[in-house]
Structure formats: structure tokens, C-alpha cells
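Below are two complexes that have chain A in common, paired first with chain B and then with chain C.
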Partner chain A sequence: MRTLVALALVAGLAGLGVAGAVLFRPFDRTPTAVPPGDVALVNGAPILTNDFMIEVEAVEGQPFADVAPAVRARILHEMIDEELMVQRALALDLPEQDTGVRASLVGGVKALVTAPIQAEPPTDDELRAYYAAHRGHYGTKGSMTLTDLVLHVGGSGDAPQSVSQALADAAQAAYELRSGAALDTVEQHFGMADSGKVSGVEQDFAAKAHLGAKLYAVALTLGDGQVSEPIADADGVHLLVMQHRQAPIFTDYDAVRNNVYADYALARQTPAERANLRLLRRKADIVLAPGQSE
Partner chain B sequence: MTLRATRQSALALAAAILWLLAPAAVRAAAAPGASGGETAHVSYSRWTVDGASVRLDFLLPRTAARGFVAPGAPLPFTSVVAAAVAANVAVESAGGACEAIDQGEGAGRIYVMAPTPTLYRFEIIFACPRADGIVLHDHVLFARFPDQVNYAQVRIDGGGPAIQLFTQGRQTLALPAGNRPPQASLLRFAMQGAEGVTGQADRLCVVFGLLLLVRRWRDLGAVAIALGAGYLASIAMALGGLGLSDRSWSGAVTGLAVLLLGAGALRLRPPGPAPPRGWRIAAIVALSVMLTAAVAIGAVKDPSEALAVGGLAVFGAAQVWVVGADAGLRWIAFAPAALFALSDGALPAQDLATLKTPAAQAVPRLLAYDLGATVVAALLVAIAVAGLWLAARRIAAARRALAIDLGAASLIGLGLFWFVSRIY
Partner chain C sequence: MLALILCVGFGVMQLRRTWLQRSLLTTPVAEVASHRELVRFAVAQARPLFAHDCASCHGADMKGRISTGAPDLTDKNWLYGDGSVLQIERTILYGVRSGHKKTHDVTEMPAFGQRGQLDEAAIDNVVQYLLELNGRPHDAQAAALGTEVFNGASSCGDCHGPDARGNSDYGAPDLTINVWDYGGSPQALRDSIYYGRHGVMPAWSGKLTLGQIRALSIYVYAVSHG
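This part shows the complex of A and B:
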């Protein structure tokens, strides 16, 4: 029995000792000695010797051992300044309050996420394929100056007419215009009107948006001074009169290869960033106030 | 209903309470923010008077910053904490209020210093119209935390530092002429120690646990020796530069002491009807489950803390077994009191160390704190023992045993809950 009691006492004291070793630590004190591997401590935060050597070599462009002590001291001084500024920013909660700091942090995270992608440069074939698929992005934009005449059909007007009648009238109007008749004269004679969808010089993308896909496709086929064939659309029969057409000029691949490279890299980074955000959201605990949505 | 039947029912009820507390304790341990610990709130300030200029360094534990926002709200931004601190400290002089000056370089009137892992640090410089009649004001968080103590260090014109305490009842300090600021009296520290024992439920439970263990008048001496030894050990460790790694451990150790005192009381229960076997098994299983859960959760959070929990568990199990196994080692039943005193005494020692108080000033004040706590705890036990001794003459032995069983079971449940919920 005595042996058991003695063993229990020893076990108890050992347990107490283990607990004490964990629970009691030296008081927080400002360190006076720099631990091995660090070159300085700034408010207790270490500046690693390795970081210091890399910085010196990056700034001076020569091996660390070849850099003069005075230069090393200057660079260490600058690194301590930087650490002080970073600590100050954290003390002031700048990441929570300053949009510039937040943008930098976001950029830093994006750089981390996309680093593996950046490490794999694309092949020339991949770049050419990307260029072919997005050729419209590389060159001058096309524009057009045209008039869209429309002959409305049906409705409750004094002289409602059928689509076939309108097509016949529009064909006659096109003939007159091609023969040199003035636009105003043709409008009055055939009862046509400017649809108002386009006016002045229209960039191609704007003309497409204003005219709609059907009329825009016809407009692209017209040259300066040309008149289209009648086009039956939902609101009537149209005639397009092209005053001036400036076709887009596509830049050659070799001339824009750098731009293609940058666009291609961006296109590859975006999915990685989205995947990262999906992960962050999955791990995050996001609570919206009542009535809010995102 | 016979006495035996009443007793069995009461014990079953105590066992049920124990089991009901077990999941509550696990939930508390797992809940976010349960790690705050139930130790008293503290903050620190250094006031350096130099002529008509007063520099204040205010150190606020990060957890205390929750006092500036509604309960359950996230920690406020540092700027919010800084503004709240600035609004609640002030200095006056004979010539009127002292103005917090703009420190330039974009720092403003309150300079936010680089924070430590546990403390916000702010610096304010007050410019006074006159250098005499200086009065320091500190109202930070006393409205929210009435138990808070602000440990203050005051220096005047290059003189030596003096330790002062700002409390809810004393939020101003008038400085005398000359460069010798007044020291907080030893009595104030003794009162602080005494209030620490009487002002919190867990500490009163320590006293109650000691009461259950005292069988003879000379046991009161053992109580005093255990508490005194623990407090002296805390001073020795502080002088050796050691402090608690986390203040919440003090609350957890207090919970453990309550648990072990309850278990010791059961182990040393006076002769009487034996408790039902099923109840014993239930209590042992409950303790095992809880300790296993504590170690497991600790392992997930921090393996070293799991080691500490495991070590304390081994100590507790050995201590409880030994006191019942060898009558000559019965005095070891009071060891949890020493453990409590060690962790309790470590708190003011750590507070004074935070202000880098010289040992010559710190030791007398810590002794006063410890003496206040020890005397009050021993006195409470003595008064209660005397009362019980008088009452016990009319109470049957079986009823006394029942009271001890119920009290001990309650202490085990409460202690276990406090221990687990305060670890994390």
C-alpha cells in the first residue's frame, strides 16, 4: 500500500510539474538580445537575416559579402523604418480603414493565388489562338454614318398597307435613291420616315445596339453611298442608306503580342481568383443584416 | 420516508445535477468567447509628471476593449478604443484643466503605440496651465466593469515610481507638491486580496470546500498554511520572473480547486451510511468524461495546454486517492487550497510586473494582498466551523454526512464546470 501511495504522490507531483511548466512562463519583457537568425528586433518583431541579405543583394545588385558595411547599415535602417511604418499601420487599423491599404492587401492576396499560374508562361500557339478568338480587341474600331428609312405596315393609319406592298414600295424607293434621287424627295414620295435609331457617326458597337442584329448585319455589307435592299422587320420595312463606312482595322498579331500576353494572363487569373473567393466564402461566416442582399 | 430513503434520493438528485452540468460545461468550452476567464478586470497606466506636462501611457487588455461595445459585439477598431480611452482620462492642475496636446506628425491627441499580443497601448500628453495642484483622473471602463482595478505607476519630476490603484470607488488621485508621489497603502492591497476571496462565487466555493474538509480545530492551521504556502510560492515565482501564461488559467485553476476540495470531502466523509454504489460509478464516469473532453479540446486548440490539463488531471486524481488511502497523508486534502492561492497570487504579481515595478515595492504589496486573502479565507472557515460546531450538537451524524455529501457533489459539479469553461 505504501508503495502505491508513494507512486501516486510521485505521479501527482509530476502532473503538477508538467502543468506548472506550461502554465507559468517568463513575464513579457522587452528583448534586449537578438535571437540567432534575426538581424534586428523592432518592438519585438524580428527582421530576418535572410530577408536582410536578399534585400541588400536586390538593392545593390551584387553578392551580400561584397556590399560595404556602410551600405548594409543604410539598407537595414530603411528596413527598420519600413517595419515601423507597417506596425504603425496595424496599430491604426489601417487595413480596416484605408482604401489604399485595403487595395494593396487585396492585390497581395491575388498575387499569391495567381502565382502558380504566372509561373507557367503560355505557349505561342495558345497566344495565337487567344488572339484569333478576340481579334476585335486589337485594332481600330469601325464606324458608320447612315440613315435608316422605315415604311411602317399595318396599323390604323389612313392608308394601312401590307408587308408585300411595303416591300414593293421600298424596292422602288431603293431604285430611285440609287438613280440619284434626293433622300427627302424619296421620303415624301413613298411616305417613308427616318427611324431615328441612328444619327451622326456611330461606332460599330453602338450601331449594332441601336439597329439590332438584323439591320446591323446588312449595314456591315454596305459601302459609302450604297443603299440596301428592303429589309422586313418587326416595325416595318427598312432601307439603309450608308453615307460613310469606316471599317475596323485589325492589328497584326506580332504587333500586339505583348497586349495579347497580358490579356491572356488576366483571363487565366480570373478563374483562379474566383475559385479562391469561393473557398474563402465557404470557410467564412458571413451574416447579412435583415433586408440586405449581395 | 425513512432517513435512508431521503438520503438515497438526495444523492441521486446530486448525481443528476452533475450529469446535467457536464454537457453545459462542454458547450461552454466549445462556445466562442468562452475563454474570457472570470478573473477580475484590470488595466494599467503610467503617469509621468514633468513640471506642467503629464505624459500618460495607458495599457488596456484587448479583451477589456469589449467593454466599449455592446455584449456579444465584435471587438471595436483601435481608433474607437483610443477615442474611448481619451474621453475617460483627464488631468487637472491648480490653474484649471490640462489639455491633451496634438503630438504632431499625424499622431493627434492620442498616440496609438504598437500593440502587444495582449495589450492596447496609448500615449497622451497633457499640458497644464500650472505645475502645482495636479489631479489625475481615470474613469476608463469602471462604469462597465465595477470590479476593475487600474494599476497605476506615478513618477514626478524624475523621482522614483509610486504604485497606486484606481478603482470604481477611487477614480482620482491628487498629487502632492514635490517629487515623491504617495504610494498605495499596504492596507489597500490587503483589502483587495480580501475582496478577491469574498467577492466572487468560485472563491467562496473554495472557502466552502475547505469548510467541508475541516474536522478539527487544528485543521484551521492547515488551511492557513496551505493558503499561505500557495501565496508565498506565487511571490517566489514572480521574483523569478515567472507569471501565468494566460490570466484565464487562474479562473480555471480556481475551478479545479473547488472540484478537488469537493472530491476530497467525499473521500474523507465521516462514518455513516455508505453512498449507493451506482452514484459513485456515475460520479467517476462523469469526471472521466469531462476530463477526457477537456484534454481532447485542449489538444485541438493547443497541445501544450492539453498537457497542462492532463498534468492537472493526474495531480487531482493522485491527490484525491492518496488522502483516502493513507490517514497519515490526510493533510494533502488541503493541497488544492495551495493551488488556488498560487494562481490567485500570480495575478497581482503579474499586474505589478506589467508596470515593471521594482521588487522592493512589489513584494510588500503582494505580501499584503496575500495576507488579506489568507486571513479572510481562514477567518470565514473558522467562523463557519464554529457555527456548525454549535449547530452540529443538535444534528444527527447521518444528517451531517448527508450535508457533506450534497455539498461535496455540488462543489464537484460547479468546479468541473468552471474548470472546463475557463480553459479556453
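This part shows the complex of A and C:
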């Protein structure tokens, strides 16, 4: 009986010992030990066995088991080299120094954020709506060659001139231009001058920027050889003489579906990227120097 | 006495569990599925994980969901890889089009209709060809035209292969075995060609432990291999 009790006690103590050892042992007593599932540790950074095996199969084009140990060793060597280089890049703070690295990191985050969005294909209605809203992107851009004559209010030399007088003079000038009078002659006769805002062939976007919205809106209504009605603007009364107008040609939706699809796919990523940035900003501690704004 | 026996039993169980957990990762991946005990252990560990993390897309029965294109995991047809534990693990680790740098993302099924690369008639002809390939009722004349489109204008064969048997490097499914992740009705086939497909699976690397991912891989392997 005593022997039995003694054996039971020994067994019990052994069991407690085993349980204690299992439950309370340090997770990784030897820092250099490679954890299961990894094939190597490089300064503590693991190289996954799965990554290694897939790399071997991809490089050699055959099952891992069929690849010679020396070849496997070479590939592991190369993977360790790569990991060392990556760690060196981080140590050198390449993300701070190298614009290419920064761009790659930014692209990586964007790819992660926008990946789920791509799973849902757009509907035809969405694509058509996008096309309608961005029709100007699909086709040739418009352009215009025109002269912008201006009659500065206040007269040009001899007498003070009111806006109404200037408008009347400009209307007469327009009449004469439409009747075939030469531009130079009209300029001299009415004291008008080329505003210099436009010259040569102007793309529509450039003409808009140069003329301003008010004059540009009138210019869009003119065809080849047409002369506008007088337009009162901040710097005087203008006459637009359109030498040549090339209206934009919008390409039909069906002809640019591929482009519309690609553009829409890109555009739909933007909200996700913005949402991600809002989240990052909420969590970030951003301090601006005095006098700075963003 | 009873307490002592329980302690011994508990200790042994913990030891065994630790050994099994470790063995999941230390056993060569090509051999792990042949260890019955390891497979049982992995399956027991993976079931609740699958229910929690995977079933919402692949279904609790693992049969997949047509609505999301999440594939059936109970058969032996694999979009990516050869269905080995290694390849299944790869897919779970890095996902499909997940945005992870190591994810499966060589290509995607283009939206041939929406992009204006095939008109409706051509798409319908390809659908008839697919029906023919799978021994289903079809319009033979349209199917003949569809064959030309398949191997010509649309270059379907570039990914699916000239014999339409698929290419698991690209995630291009076999089109001859009547297995359709997004549904096999003529309308569903037409939609796949018209709208394209861009299935996404998240990367679980960093969200699950390596041990959990290995257990899931063995589970999926075990289920698909009966």
C-alpha cells in the first residue's frame, strides 16, 4: 500500500511538473531558435517556410521536393540577402530619402485600401453617368483663333467716354467688321486695341484662362469669321473676332468604353483613399509650426 | 489521489497539445496531410476558425457562394495552385487581389462587354460555346462562332487555355467541368463575360497565426480530398 501511495505521489509530482513546465515555460527560451513555420530568422525577422517553398517552386518550375538541396540553399541564401537589404534600407531610412521608395510605400497602402472596392463591378448606368460627367475627356479638345479688341472706357485721348458711349462705338465697330472692314482700320478708327489676352491658336482651356469666364462664354458661341456683340467687362468694352473655331469633338460612349471603364475604376478608388487618410489623420499627432497651414 | 491523477492527465494533455501544435508547423508541409492525428488536431482547431472567418464568404458548408464568387472548397477544383496544403496555405496567407504584395493578382477576368471589346452577339456566341464544352444544350451554329471568338478576338484562350481547361497560375478556371463560381446559367455566364470578374479574398497573414493558417489549410485540404 505504501509503495502504491509513493508511486502515486511521484506520478502526481511528475504530472504537476510536466503541466507546470508546459504552462509556464518561457515562450521562446532561445532567441536564436527558428520558430516552427519559419525557415530562417534574419536579425529576428522571419522568412516563412511557405514563402521559401513557393519561391523555390516558382524559380525552378518544379515541385519543392524535386529541387536539389543545393539549389534550395542557394535560393534561401538569396532570400536572406534580400531581407538583409530590406533591413538595411530601413536602417538607412530610405523611405525618408528615396522618392521611389516613398512612392512604392504609398502605392502599397493604396492597394491595400482599395482592393476590396474592385471586387464589385460597375454597372452600365454608373459608367454612362461617369462618361456624361467627363465627356470632355473623351475626344479632341476644342481650340480657337480669335482677336480680342478692347475699347478702354474713359476715351483714348481726346474726350472722356462713358460706358454707354463705348458700347455704342463698339457696336458700330462690330457692324463695320461684319461689313468687311479691315481689323486695323477699325482699330484705328474707333481707338480700339488688341487686349493681348489671346494670341495664335488657343486651346479652349487656355482661352478660358486668358479671357476670363465672361468673354470665354461669348467666344464659345462664335463661329468662323463671326464678330461678337460688345461686351462690357472690368477693363473696358470688348469685341471678339473669331478667325477660326475648332469645336471639341466628343467621342461616342461606345467608342471609348474601355477608357471610361479604366478611368471609372480609378476614380472610384479615390473615396476609399480619402477615408483611409481621414482615419490616419484622426489617429495621427500632427503639429504645424507657427504660421503654417495645410 | 484523484486530483493527482487529474493533474497528471492534464499535464500529459497539455504536453500532447503543444507537441501537436508544434508538429503542425514542423512536419514537412507535403507530408502533414498524411498524419491522421495531425489532421484530426488541425480540423478540430480549424473548424471554429473557419466558421468565424471564412464561412461568411465560402458558406458554412464550404460549398462557396455564387453571389460573391467564393469558390466551393469541397471539390478538387482550384483557381490558384494545385490544391496542395502548401498552395492552400499560400492563398490563405496572402489572399487573392488583397492588395498584399504577395497576393494572387496576375490578372482578372476582363469586362469584355462593358469595355466594348465584345458585343452582345459575340458574348452570346461564347456562352453557347461554353455550354457546348460542358455537354449542355446549345445552339451549334452560335457555338461554332463562339469558338472563333474564344480563340480569336477575345483571346479567352490566353488565360483559360486553348482547350479551355484553365490555368491555375492566373486563377483562370477550367471551363470544361461545369463548375462555375459565379453560376453556370447562360445569363450568369453572359454576365461573367460582360461585366468581368474580380474576386477578392483578404490576406490572413498577420490576422491569424501561422499555426491557425496551417490548421485551416489542412482542414480545407482534408475536406476537399475526402
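Criterion: the second predicted complex is superposed on the first by the 176 of 294 C-alpha atoms of A that agree within 3 Å, B and C clash if a C-alpha of one lies under 4 Å from a C-alpha of the other, contacts with A are read in each partner's own complex, and residues count from 1 in each chain.
Everything that follows uses one rule, which is that a residue touches a chain if its C-beta (ideal position, glycine included) is under 8 Å from a C-beta of that chain, and two chains touch if they have at least 3 such contacts.
Note that the structure is predicted; figures quoted are calculated from it, not measured.
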On chain A, which partner's contacts cover more residues, chain B's or chain C's?
C
Quick one: classify A:Q97 as touching chain B (first), chain C (second), both or neither.
first
Examine A:Q87 and indicate which partner it touches, taking first as chain B and second as chain C; both and neither are also allowed.
first
What is the contact status of A:T145 with respect to chain B (first) and chain C (second): first, second, both, or neither?
neither
Between chain B (first) and chain C (second), which does A:Q172 come into contact with in this model arrangement: first, second, both, or neither?
neither
According to the stated criteria, A:N43 is in contact with first (chain B), second (chain C), both, or neither; which is it?
first
Have a look at where A:T251 lands relative to chain B and chain C in the superposition and call it first, second, both or neither.
neither
Set of chain A residues, in rising order, touched by both chain B and chain C
8-9, 11-12, 14-20, 22-23
For chain A, which residues are in contact with chain B within the complex?
1-2, 4-5, 8-9, 11-20, 22-29, 43-44, 87-88, 90-93, 96-97
Can you list the chain C residues touching chain A in their complex?
1, 3-5, 7-12, 14-15, 18, 22, 24-26, 29-30, 68, 86, 89-90, 93, 97-102, 111, 114-117, 195-200, 202, 210-211, 214
Looking at the complex, which residues from chain A come into contact with chain C?
8-9, 11-12, 14-20, 22-23, 35-38, 48-51, 53-54, 64-65, 108, 111-116, 118-119, 121-122, 124, 127, 254-258, 261
Flag every residue of chain B that touches chain A in the complex, lowest number first.
77-79, 112-116, 118, 237, 241-245, 249, 253, 304-305, 307-319, 321-322, 325-326, 329, 339, 346, 350, 353-354
